[in-house]
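As written, the chain order gives the labels A, B, C and D, with residue 1 at the start of each chain.
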Amino acid sequence: MSKKIITTNDWSRRSVLKAGLGTAAVAGAPMFYMKNAYAAEYLNDPGDASSVKFGFNVPQTGAYADEGADELRAYELAVQHLNGEGDGGMLNTMQPSSLKGNGVLGKKVEFVTGDTQTKSDAARASAKRMIEKDGVTMITGGSSSGVAIAVQGLCQEAGVIFMAGLTHSNDTTGKDKRRNGFRHFFNGYMSGQALGPVLEKAYGKERNAYHLTADYTWGWTQEASIKASTESIGWKTGNTVKTPVGAGDFSQYITPVLNSGADTLILNHYGKDMINSLTQAVQFGLRDKQVNGQDFVIVVPLYSRLMAQGAGENVKGIFGSTNWHWSLPDAGSQAFVKSFGQAYGFPPSQAAHTCYVQALLYADACERAGTFMPCEVVKALEDHKFDGMGNGPTEYRGADHQCFKDVLVVKGKDNPSSQFDVLEVVEVTPRAQVEYEPDNEFFAGGDLGPCNNGAA
Amino acid sequence: MTKKVLESELFIMLLFAGAVLTMPLWLAPIGAGYPDLMQKFAIFGLFAIGYNVLFGLTGYLSFGHAAFLGVGSYAAVWSFKLLSMNVLPAIFFSMIFSGIFAYMIGFVSLRRSGIYFSILTLAFAQMSYNLAYSVLTPITNGETGLQLTLNDPRILDAASSNGGALPSPTLFGLKMSGFEGFYFCAVLLIIGFFIALKISRSPFGLVLKGIKSNQTRMKFTGFNTRPYLITAFVISGMYAGLAGSLMAVTDPLAGAERMQWTASGEVVLMTILGGVGTLVGPVLGAGIIKYFENIFSAFNDRSLHEVLAFLPDGMENIVVTLVRPFVGEGWHLTLGVLFMLVIIFLPGGIMQGIDRIFGKSKKKKAAEAAAATARMGEEQHG
Amino acid sequence: MDAILLQILNGLDKGGAYALIALGLTLAFGTLGIVNFAHGALFMLGAFCAVSIQSILTLSKKVKDESVTFFDAYKETPYLEIWFPEIGPTIIDWAVPLSILIAIPVMLLIGLAMERGLIRFFYKRTHAEQILVTFGLAIVIQEIIKANFGANPIPTAAPDIVAGSANIGSLVGLSDNIVYPWWRLIYLVFALVVIGGVFAFLQFTTFGMVVRAGMHDRDMVNLLGINVEKRFTIVFGLAAVVAGLAGVMYAPILPPDYHIGMDFLVLSFVVVVVGGMGSLGGAVAAGFLLGILQSFASTNEVKSIIPGIDQIIIYLVAVVILLVRPRGLMGRRGVMED
Amino acid sequence: MAEAEENTVLHIADIHKSFGGLHALSDVDLQVKEGTTHAIIGPNGAGKSTLLNVVIGRLIPDTGAVVFDGEVITGKTPHEINQAGVARVFQTPEIFSDLTVFDNVIVPILSKRDGSYKFNPMAKLSAQKEAHDEAMKLIADFGLKADDPSGSLSRGDKRRLELAMCLSQHPRLLLLDEPTAGMSRHDTNSTIELLKKIKEGGMTKVIIEHDMHVVFSLADRISVLAEGRIIADGTPEEVKANPVVQEAYLGG
């Protein structure tokens, strides 16, 4: 850990300030002064203060606490890099970049943290605290789609920017998209599109798939996406079974697979559910079976290295997709892994990566816009093309605020050389193959709406 | 001041209302003086007050009250979606629906008492939660939670397009976010507190206390205890529904996890922590738990150093190292330790601690001792 | 037919887990009258006994992976394997069964410490107070585990020899399609043995007789001049051991994390109440019953008729039983009844 | 079933009650006359408490009926039976030990006034003038203090409190289950005096008692129960003289 820079006792000073304002309705916003053209036109304008605050809203308790902790590490790193501390990480590889390593728009970046508990209510309460009490201009983080959508909605209503963390549901940039919200992470549809050809190559066209799906929105969109993609390569979909979230023991859902005639099991699970269902499916000997003259196979469409570690040996040889992996050789990834690895002693997760990138992208957009005003930042981010951030050439599409980039198809590694070496990248699916129209059936029904600067 | 004045309704209400309405002033120095958290204090205060009407007065330990909170929230958001962004119909429908729901669950669950009642309510709430999370998604929008959308009908709100942005809940045009939202909740909290005060001092309330103390005697004294219990259950369910609707009023979203057993457990903990059966205790308990959840969880290394910057450097680092495990991601630990300490040293919750500090007449102490003995007896009879 | 058999096995297996946890819970409740919300934490601690033993056994010599430059990644070779190339791997492989031997004294100590240090002060307090203090304790235990082991589940493998599935179908001369994981079969047998052991202990020893008498009428036994309290302390320890063993053995099925106990807590309370408060036999019967019902409710055939039934079946059954038969399946009349 | 005679307030008609194979009560037929004190005596396990529980609706008899004031009350719930005018003092005092003496006494008064259910959450308890005065008077009559926490009263005071609670309802029939059990001689005597005073008010009482001193000081009529059957029934003198009773009970 680097030595903390101690500023003024800002926390209590602001509180006292507010006490003075008491019942006045403006007390939610820090004091502002007429300085630039946008003064007083948007919520939490830092004005001529010497610093600007970001809010990092991640799960610190509950099932995704480890992912949340990794996200926080990435954010701290991002803040250091933005402020010109450390080795600069991806600031050196980002193209184009307006970031100078002197904070953002000359203001030092500070941050506040909060615990989402992976619950919509808690996440929104935490985000509101950041907006109302701490005066942040941007909130980022999260490790599940429900929370991301909930917080995105809040940021839209309040009038700050939301840079989503790990969220994979189609809905985040589909039917629940918002003008103030942006997602760098990939989504269920992209997973399906990327996996399809790889699965076809590895397992052929004659497959009969059985889905076990977490019974909530992310699971459903994931299942639909994968189903569409595998059916397009000729696979049949035998059965799709919904499983309760946090079921723990999946045996009663796995045994029917044994004699269903299916030869492929697709686990639309994430986190603990994924670890448990995969571990148990392997215990039930599914992978030792021969059905329809082929080896029985299991697919986990959304992989996470942190979670894969929890399933131990069982991930070996299993295909899935991921947003990013630390072993990527490009300069951006290397720069990030270097700073992260040197700071913490282990490689970053994909959650850490997407969060780090989101923080930088936001900062860069503010620089380019010349203001923190949400609507200007939105304009700067929409249709912005960039490179050098670990995913190759990437575009923030203006029509839905989804990043379009290459998608990684990975496989559980057979002979890991270390505890971090769990996944190997088998294919980098080019962007063109996973791209879709904004009105694609899986994403239709939403509307970005107008941007919101918030009431100043 | 005489005892009579101190215990008069007017005095209590003035004190309570004064404390609640000045929250922005006295909470600011401890970092809690921002609207969202104060709204939460008021909302969960209401929830706990209502819960205490059941648990504190009748002794029936419900483990499913979060279900009513959830129903209230869903009803309110649906009212926003279908009828109007005005908060009054939302609150009205929330209380009606949660009341009906409470009646149905209470009618069945109150056929049993003791731990059996607890498990029945728990079972109903868990069923509600599980279904809301999955199968009932068309009504609840599942994990994501029920949100407003641009194409909601809102039949009573004629053509207020709001420039294509989502509308927010209002009280005849007054927006219900920020401090306005807090004061709205605060007023309802004061009203809710007043009603609870009236109930506990009414003949009806005395009957409920009698049921808690000795239900057999109540029956042989000619009271039909079941309708009393059902009434108390419905009242507390409606309080929960009101709290749920206020959650939706201040933040128009309703999520299924509001109904989970942990949420029901939370209100139990708030009540016991503050002091079961006391009037102010549940509000205090609610405030403390929400404070921990929102403020303690927000500390990180950097903010700890900032707060403790007044200490000399070496000391600061030591203190930060000692405190760090209990804040940020460790806030649960603090809560767990707090629960244990309070209940070990103050069986009557925080209110008992306050009583101890300010002293109280010997008579009341004797009453407490007697109550404790009586409880022991009950326990043994089981 | 095969499908039904398999679901019965699933149900028995699940039931075994429920029964073991509920058995300990009901021991504590029936004897001590303590509503122990920290019982799930004991289960979790058992599972983490296995995790700890595994990580001690696999203390490794670390060889740096030179291909990784920015942080230290190691290829790990356990010392046991280096020092004892013959037997080392086998010992590591048998980490979970070995953990049982360790878990018994460890859990007994934890149980005794908990009872002497905290629980005994709460015998005469209300159930609400018991719930608050044990819930607080559960959180503290959880957070300590989380601080040391992280929040993610930790894979804990069963011995290789029982890693696969048994073709029980062909073993007993039925269809070839009935295969079931060895470890789950072992778990079931283990559960039955532990349950049988506890029953035998209570049924056939003097100690057990006194405890049973004490469950029935505590004052009576005290009047006879027998120190019931001391025995009850041991019973609490026993309950902790049973919960812990259930946890150890469950680790290979469900990779343990710090929250695993809380996940089982509510369910095990439901099991205890459905079985009948204070009835050991009831807890076991209800465990198996609910396990089997849950398995069947989860089949596609049932779910297609009643969507979502697998999510609520346990609670639904609990409601029905409590209404029809308030004292539970095998509860004695008058125990915790109106 | 024997016909009810004149002036009968309580008619326990041909009651049978068995638990499993055990016959707790068989062919019990009793008539309690208006204004009398009727004692039921018998050895332990004779079925006295079972009989009382049948009367107040705690137990449902297998056959037979309980007729109170011309109305069959068998199968009615305890609160209905109480509302009909039957109050009961228990063997171990059943009071509201979490509440004050005043609250203990006003609760039954409210029951008498408001019936078995009344929803009045906004009414002020302290404004219930009549009930308040009545309670205070009774408390004074019984030598208790209104503000005392009832849980910490002596056993004798608890019993007196319970009696006050029952009397506050002005029941037509008062059932007393061993009202002096476990009392000192002094307390027993003062209880007897108290009950005698009540007797002068003309209230009908059924009393179950072991203590013959109490029984013969109070009872107008005595029924002797043994092994679930009534073996004798009559005035104290008749019962005293009855050889069966002497053999079964008194003689020993």
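Going forward, contacts are C-beta pairs under 8 Å (C-beta built on N, C-alpha and C of every residue); 3 or more make two chains touch, one makes a residue touch a chain.
Quick caveat: nothing in here was measured; it's all calculated off a predicted structure.
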Mutual neighbours - chains that touch chain A and chain C alike: B
Chain closest to the assembly centre - both centres taken as Cα means: B
Chain of greatest Cα-centre distance to chain B: D
Inter-centroid spacing, chain D versus chain A (mean Cα positions, whole Å): 74
CA centroid of chain B to CA centroid of chain D, Å: 44
Where chain A and chain B are represented by their mean Cα positions, the distance between them in whole Å: 34
Where chain D touches two or more other chains at once, by residue number: none
Residue numbers of chain B (touch at least two other chains): 130, 133-134, 332
Where chain A touches two or more other chains at once, by residue number: 61, 65, 69, 215, 242, 244
Chain pairs in mutual contact under the definition given at the outset: A-B, A-C, B-C, B-D
For the chain C and chain B complex, residues of the former touching the latter: 33, 35, 118, 121, 123-129, 131-133, 135-140, 142-144, 147, 218-219, 266, 269-270, 273, 277, 307-308, 311-312, 315-316, 318-319, 322-323, 326, 335-338
Partner chain C, residues of chain B touching it in the complex: 55, 61, 108, 111-116, 119-120, 122-124, 126-127, 130-131, 133-136, 261, 265, 268-269, 272-273, 276, 325, 330, 332-333, 335-340, 342-344, 347, 375-376, 379-380, 382
In the complex with chain A, residue positions of chain C that touch it: 2-3, 6-7, 9-11, 13-14, 17, 65, 67-76, 146, 150-155, 157, 163-165, 177, 179-181, 183-184, 252-255, 257, 259-260, 263-264, 294-296, 298-300, 303, 310-311
List of chain D residues in touch with chain B within their complex: 56, 77-79, 82-83, 87-88, 94-100, 103, 106-108, 110-112, 114-126, 128, 147-152, 165, 169
Residues of chain A defined as touching chain C within the complex: 61-66, 69, 215, 239, 241-242, 244, 246, 248-249, 251-253, 255-256, 258-259, 272, 275-276, 279-280, 283-285, 288, 306-307, 309-314, 334, 337-342, 344-347, 417-421
